[in-house]
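Letters are used for the chains, namely A, B, C and D, taken in the order the chains are written, and counting of residues starts over at 1 for each.
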Amino acid sequence: MKIELTRQKVHNEFAKKVELISGQNLFACYQCGNCTAGCPVAFAMEIGPHEVIRYTLLGLEEETLGVNTYWLCASCLQCTSRCPKGIDIARVMDALRMVVLRKKERKDHIQIPEFPEGFLEKVPQIAFVSGFRKFLS
Amino acid sequence: MGDNGVFVKRAMVIGGGIAGISASIDLGNGGYEVVLVEKLPSIGGRMLQLSETFPTLDCAQCTLTPKTVETGQHPHIKLLTYSEVEQVEGKAGDFRVKIRRKAAYVDWEKCNGCGLCQQKCPSKNPSEFDRGMGLGKAIYTLSPQAVPNKPVINPSNCRYFKEKKCRVCEKICPVGAIDYEQKDRFVEERVGAIITAVGFDLIPRESFGEYGYGEVPDVIDGLAFERLNSASGPTTGEIRRPSDSKIPKEVVFIQCTGSRDPERYMPYCSRVCCMYTAKHARLYKHKVHDGQTYIFYMDIRSTGKGYEEFIQQGMEEEGILYLRGRVSRIFRDGEKVIVWGVDTLTGKKVEISADMVVLATAIVPQKDAKDLAKKLGIKTDEYGFLTEVQRKLRPVETDIEGIYIAGCAQGPKDIADAVAHANAAASKVQVLFAKN
Amino acid sequence: MKRLGVFICHCGANIAGTVDVKSVAEKIGKTEDVAHSADYIYMCSEPGQQIIREAIRGKGLDGVVVACCSPSMHENTFRKAVKSQGMNPYLCEIANIREQCSWVHQKEKEEATRKAEEIIQATLEKVRRNDSLEAIAVAINRRVLVVGGGIAGITASLDLAEGGYEVILLEREPALGGHMAQLSRTFPDLDPAFSGLFLKASEVERHPKIHLHCYSELEDVKGYVGNFELVIRKKATSVDRGRCTGCGICIENCPVEYVSQFERGMGIRKAIDTLYPSSVPNKPVIYREHCRYFIDGSCHRCEEVCPEKAIDFKQEDERISEKVGAVVVATGYELYPKEQLGEYGYGEIPDVIDGLGFERMLSPNGPTKGKIIRPSDGKVPKEMVFIQCVASRDPDRYMPYCSRICCMVTAKHAKIYKEQVPDGQPYIFYMDIRSDCKGYEEFLQKTIEEKRLLYLRGRVSRVFQDDGRVRVLGVDTLTGKMVEVAADMVVLATAIVPSNGVKDLAAKLRATVDRHGFLTEAHIKLYPVESSTKGIYLAGCGQSPKDISDTVSQASATASKIQALLSTDKLLQDPLIAFVDEEICSGCGICVEICPYEAREMDPHRGISMVHSALCQGCGACIASCPNNACELRNGSASQVLRMVDTFVS
Amino acid sequence: MDYLYFPGCTLYTKAKNFDQTARNCSLLLGFELKELKNWTCCGATFPLATDNIMALLPPSRILATAREEGTALTTLCAICFNVIKRTNRLIQGDVEKRDKINNFIEKNYQGDLQVLHYLEILKKDIGFPQLKEKVKKPLAGLKAAAYYGCMLLRPFEEMEFDDKEKPALFEEFLEALGAKAIEFPYKIECCGSFQSVGSPDVATECAYKILGSAIKNGAEAMVSTCPMCTFNIDHKQSDIKQKYLDFNPIPVFYFTQLLGVAMGLDYQTLGFDQNAVDPIPLLKEKGLL
């Protein structure tokens, strides 16, 4: 519930990595919440996209990576098209996925063996190719 | 210098809104002759369209009418309404300005403003003055107490001009003032200084795709709400929604529509919307006690005298719900208008099925501001606001001696600042005349 | 018997919505001396006035009652209309049937209609006994007093002087500039504040038409618009300003040093010193409370070293009297004292300074020559906290209003800080960012993005010293997290309050102030620069907090109003003033003391009280106090009033 | 005029009917879809991470090989169109990445290939009025809701396909076929895309909102241009039915299937067997089969 801020915390590694991978300047975000307002899957998210950006900016790595927000993002770019400050929030969500997937533990977000019966035959390859790119390390 | 090198101590004010009026009255009281050029048929500008003004909620008509009447009757002020500046030549002390007096198709000398033609005119079209909230006649004056109280015919709405039928106004006019053959006339005025107070416009709500491109009838802009709320407006002050004129019980107000949006619309803040939206919400609550108002905002900007207290009073006493966040989308769903917003303070996505939505759209310069500036030879910024020579210490002067700017033509500001700004311009003119 | 006309206004639905105007007009029309009775939707509009003008010409009326809104709205509109037909304007009276009838009785329509009729009948009673009066022409003095030598006073004085009027500029401090002289750079373009100010101030110093009185205050004011009599107290500077060349030798040699208020407690001044380095005028002043000569007579150093022999310890305060036609009040502002802010350390934490303190630190001629250091140990602060809305927007503890400029000042401070200390981190605790003027929002967003300023939306509850650092307990409402910063330095954006002494200055000028001490304007929207007292004009932060460009606009606006006022040689005043019935007056003199405008005088030869027609404002105090009713108000005599009352009660 | 054509892997298998109907309709409309000689999968998502050059290689290879065979390449699937067009834009704009890609795939592609969607050909080259004349069986009375999804429209500056808030191309196409195009607000919202692999129930929710909104506005059928969206809003209707009992499914067509019906293609080529919700009863009811 409480955080201590120092300039190292503000210029933390986590935020820098996310900014590098996504190519976005998180300081430009003035927390207007337009992205959360327009996100079609926000209803299922523990915290909204604008809060994820805020948490990242403040260097709260565990809390940011602990939520399902960036795993639920379907890269539909509705947020990016409406951001008044021109931040590409979809890229930030992708960057967060990359941060987790590129970690040493190489932990995948989905386990293929756990797919239900007949799932592989039913679902088109597009879903697998894009899904595996987004969820497998 | 005039013909014989004399410095012409006569001023021209372009734009008859509250800024133009204030500057003209000051110059008139200072003993100088003023030519006030106004594009619309009568003076008063945007303030004419307002119902009440913040923060005192006194009615705009009552505070404006004494000023317009004073301007109309002022011995030193010559009114050239329904006219536009065509061409400007010369320099300080000797500007020759060519003015186009648009054809009103009514002979203003004969007309005594009895208003019969306006009653009898059969044509009904959405009136631009009422922002489409009500229907206006083809022959019209902007308001019953217009100054000058002379009607004009709008050819694009008039049945005679469109289908060569009707001519009711000509038949009914007791003094035979209607003249369909009237052409634009050109006059030239010789003046020593010019104050440009051409005011502002609003970004049309049709430019917002995410809010329905202006096709959702119950999504209106701030000025339209003013017309709904105005006693002399189309609904005589009752808040009724345009689609089915029912009284809305859930009204959503959205701030920063098109403002503070560098990526897609205007990057600047339009400065007055926080205040007039709070005013709208309070006036709505005064009229619809069981209604609920929501205001989506990012930062509330109430910096003038008594403004912050006005906002806090609105929140506390009238139960206006301020939600900090932008609205991403508005669409119509049967009777209701669905609003997808957010409250960033709770981080929750907020969906409201409202009856009516009022957009506080961005203030932009008048469409013809840029080429008027070209005619005068003064600079504008990329949006078309006139550029002052020094932001801090010389806010009303331009880099051409003798040409000054006043009011929202320089940048969005409220009535109090526009009046002070206009008076400052009048002071510079009086100084210029006194020195020569 | 007079031929009277009655004109009733619908005022759209405001009156006609409640009062049955047609029936009232008809009933009034039957009164025998009412020759004409009419109604119209907007009597104040052009066609409305046309009806009145034609009725006067057509029916030869010699008295008019207009039943409409409050007289303060359109009384002189209708009096002008009546005058244009040759009728004496004071034979036209207003019956207020809107504010005093239709608006307050919206639910009782019949009674409201009857009451409207009675109000009109009462006003007719008054008009029947009104006499024709002529406005009083008063000579005008074409000089102007400007109180306050900040950017507002400077701008107003320059405009007026350039417009050809003599200006008397009073400044309480020894030099011009006000708070702008303390600033380093101005937002949003970050040009140096001092250069622009220095240019204007020297223009004022050199201008032939501006009589500059520094280190002086306004002691007393009498009179009315067009004819104010002032007494100015020029405090003794103990330096002969004529001889002094501003060489500064005395300052170097003066042994006494004390903490300077101008430097916000971070710099020192000598007992003899100028307000700030290269001040305008560049003449020093001896501060007697610090000077050893005045304390115990133990030092003459400045007198000894002064090459021009300009030091004059014997100099006394001087009083000058002046006559002016108008007064501009440009008294500026002060910051809410940080010593009264308990939660921010009562001003005892050295590293917690206020906005102007930081400005002094950033100024090249400031105590640290522009270098940002911690006042406690001189180190460069790396953790820098800025707190907005300190004592502003805080209705029940401090000031309820917003001080308007602190958001931009803080953004400017954070930007300059980041330029000077690239590896430092500024945190800005805010509630709403208010960057609404031209170019401000763009400046702010660009600064935040480029300088990577961390804006934390939330207030700071407490600041306290904690092992050499300043612990800041704040919150970020956007993540809902409590936020704690161990800051090296804290800058408070404290509230703007009126400068001290404004309340009694306003009392002298009979101008009104609001409960915070800001001067009240006549109308917030339409007359923002005029005070409710005629002839007094307001400019700058004395009226309400505003930034430099708005202050300059307002200052020029006052200049415009005054140039218009003084352009005519005669000033017309309402003749509705008191007069004395010389047979009854016993010369007791009660009215002389009671008159708030000093408009009554005893005629020594005849022993009767007299009225100064120009001074009297018709307030009626003398009439009420006169023991034998010798005093009456023109067109407002007791008999008229009693007759009006009768129409209501009978 | 013939067009280089990139079918994409799904159009070879699970969306065969989409590919078949397109090829045959083109012939009837007087142009031919010349399939690219050797092509690989387009990568199915445009890499959003700026340092992910690897993911750019498949679409770049397609662009380079297509450029060797012609000046314009057309696709049917919205996702292939998005990935290839955005990669093309990136190569045009970013010289440094272009050189890196070129030296990796050993090609010298300069970004000068035109990437078109099949609908753009129908509108710009054929023209909807001409298309209207060529229609043999107008789909009179068929209330169809056009579903754009995300990849065709966004990001707006790069795709430049149609208006990002209120696109109209699809509706014009349906009107040209004589059908009644149904406007519904969710036509630009996301179908859940690859979440059907990550969090299937969230994708179901998204699909339900889209279908619900279309039905509420009077739609009898949906039209899509992307196998991913079609899977989510067609095949998932059975899951939706289980969760929302009062939901009654509606058929989902590829736009080329409707074109085929209008052009009188035979039943076999229309490939309705691959549609999850059987469209035949509706078509029969409208007298189109």
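Note that in this section a contact is a pair of C-beta atoms (placed from the backbone, for glycine too) under 8 Å apart; a residue touches a chain by one contact, two chains touch by 3 or more.
All of these numbers come straight from a predicted model, not from anything done at the bench.
Undergrad: When you take the mean of every protein CA atom shown, which chain's own CA mean is nearest to it?
TA: The chain sitting closest to the overall C-alpha centre is B.
Undergrad: Tell me the chain pair with the top count of C-beta pairs in contact.
TA: B-C
Undergrad: With centres defined as the mean C-alpha position, give me the chain B-chain D separation in Å.
TA: Taking the average C-alpha coordinate of chain B and of chain D, the gap between them is 47 Å.
Undergrad: CA centre of chain A versus CA centre of chain D: separation in Å?
TA: One centre to the other, that is 27 Å.
Undergrad: Please compute the C-alpha centroid of chain A, do the same for chain C, then give the distance between them in whole Å.
TA: Chain centres of chain A and chain C, defined by C-alpha means, are spaced 55 Å apart.
Undergrad: For chain D, jot down the residues that touch at least 2 other chains.
TA: Within chain D, the residues that touch at least two other chains are 164.
Undergrad: What positions in chain A touch 2 or more of the other chains?
TA: 30-31, 43, 50-51, 78, 85
Undergrad: By the touch rule stated above, which residues of chain B touch at least two different other chains?
TA: Only 210, 260, 262, 329, 344, 347 qualify.
Undergrad: How would one label the connectivity among the chains shown: line, ring, star, complete, or other?
TA: other
Undergrad: If we use the touch criterion from the header, which chain pairs count as touching?
TA: Once each pair is checked, the touching ones are A-B, A-C, A-D, B-C, B-D.
Undergrad: Show which residues of chain D lie in contact with chain B when the two form their complex.
TA: Residues 163-166, 185, 216 of chain D touch chain B in their complex.
Undergrad: Taking the complex as given, what residues does chain B use to touch chain D?
TA: The touching residues are 209-210, 213, 329, 331-334, 338.
Undergrad: For the complex, which residues does chain A have touching chain B?
TA: 30-39, 42-43, 47-48, 50-51, 78, 82-86
Undergrad: Over in the complex, which chain D residues touch chain A? Could you list them?
TA: Result: residues 9-10, 13-15, 41, 43-45, 47-52, 55, 77, 79, 149-150, 154-156, 164, 188-190, 192-199, 202-203, 205-206, 209, 227-228, 231, 235 of chain D touch chain A.
Undergrad: Which stretch or stretches of chain C touch chain A in the complex?
TA: 382-383, 423-425, 427, 445, 448-449, 452-455, 457, 476, 478-479, 481-486
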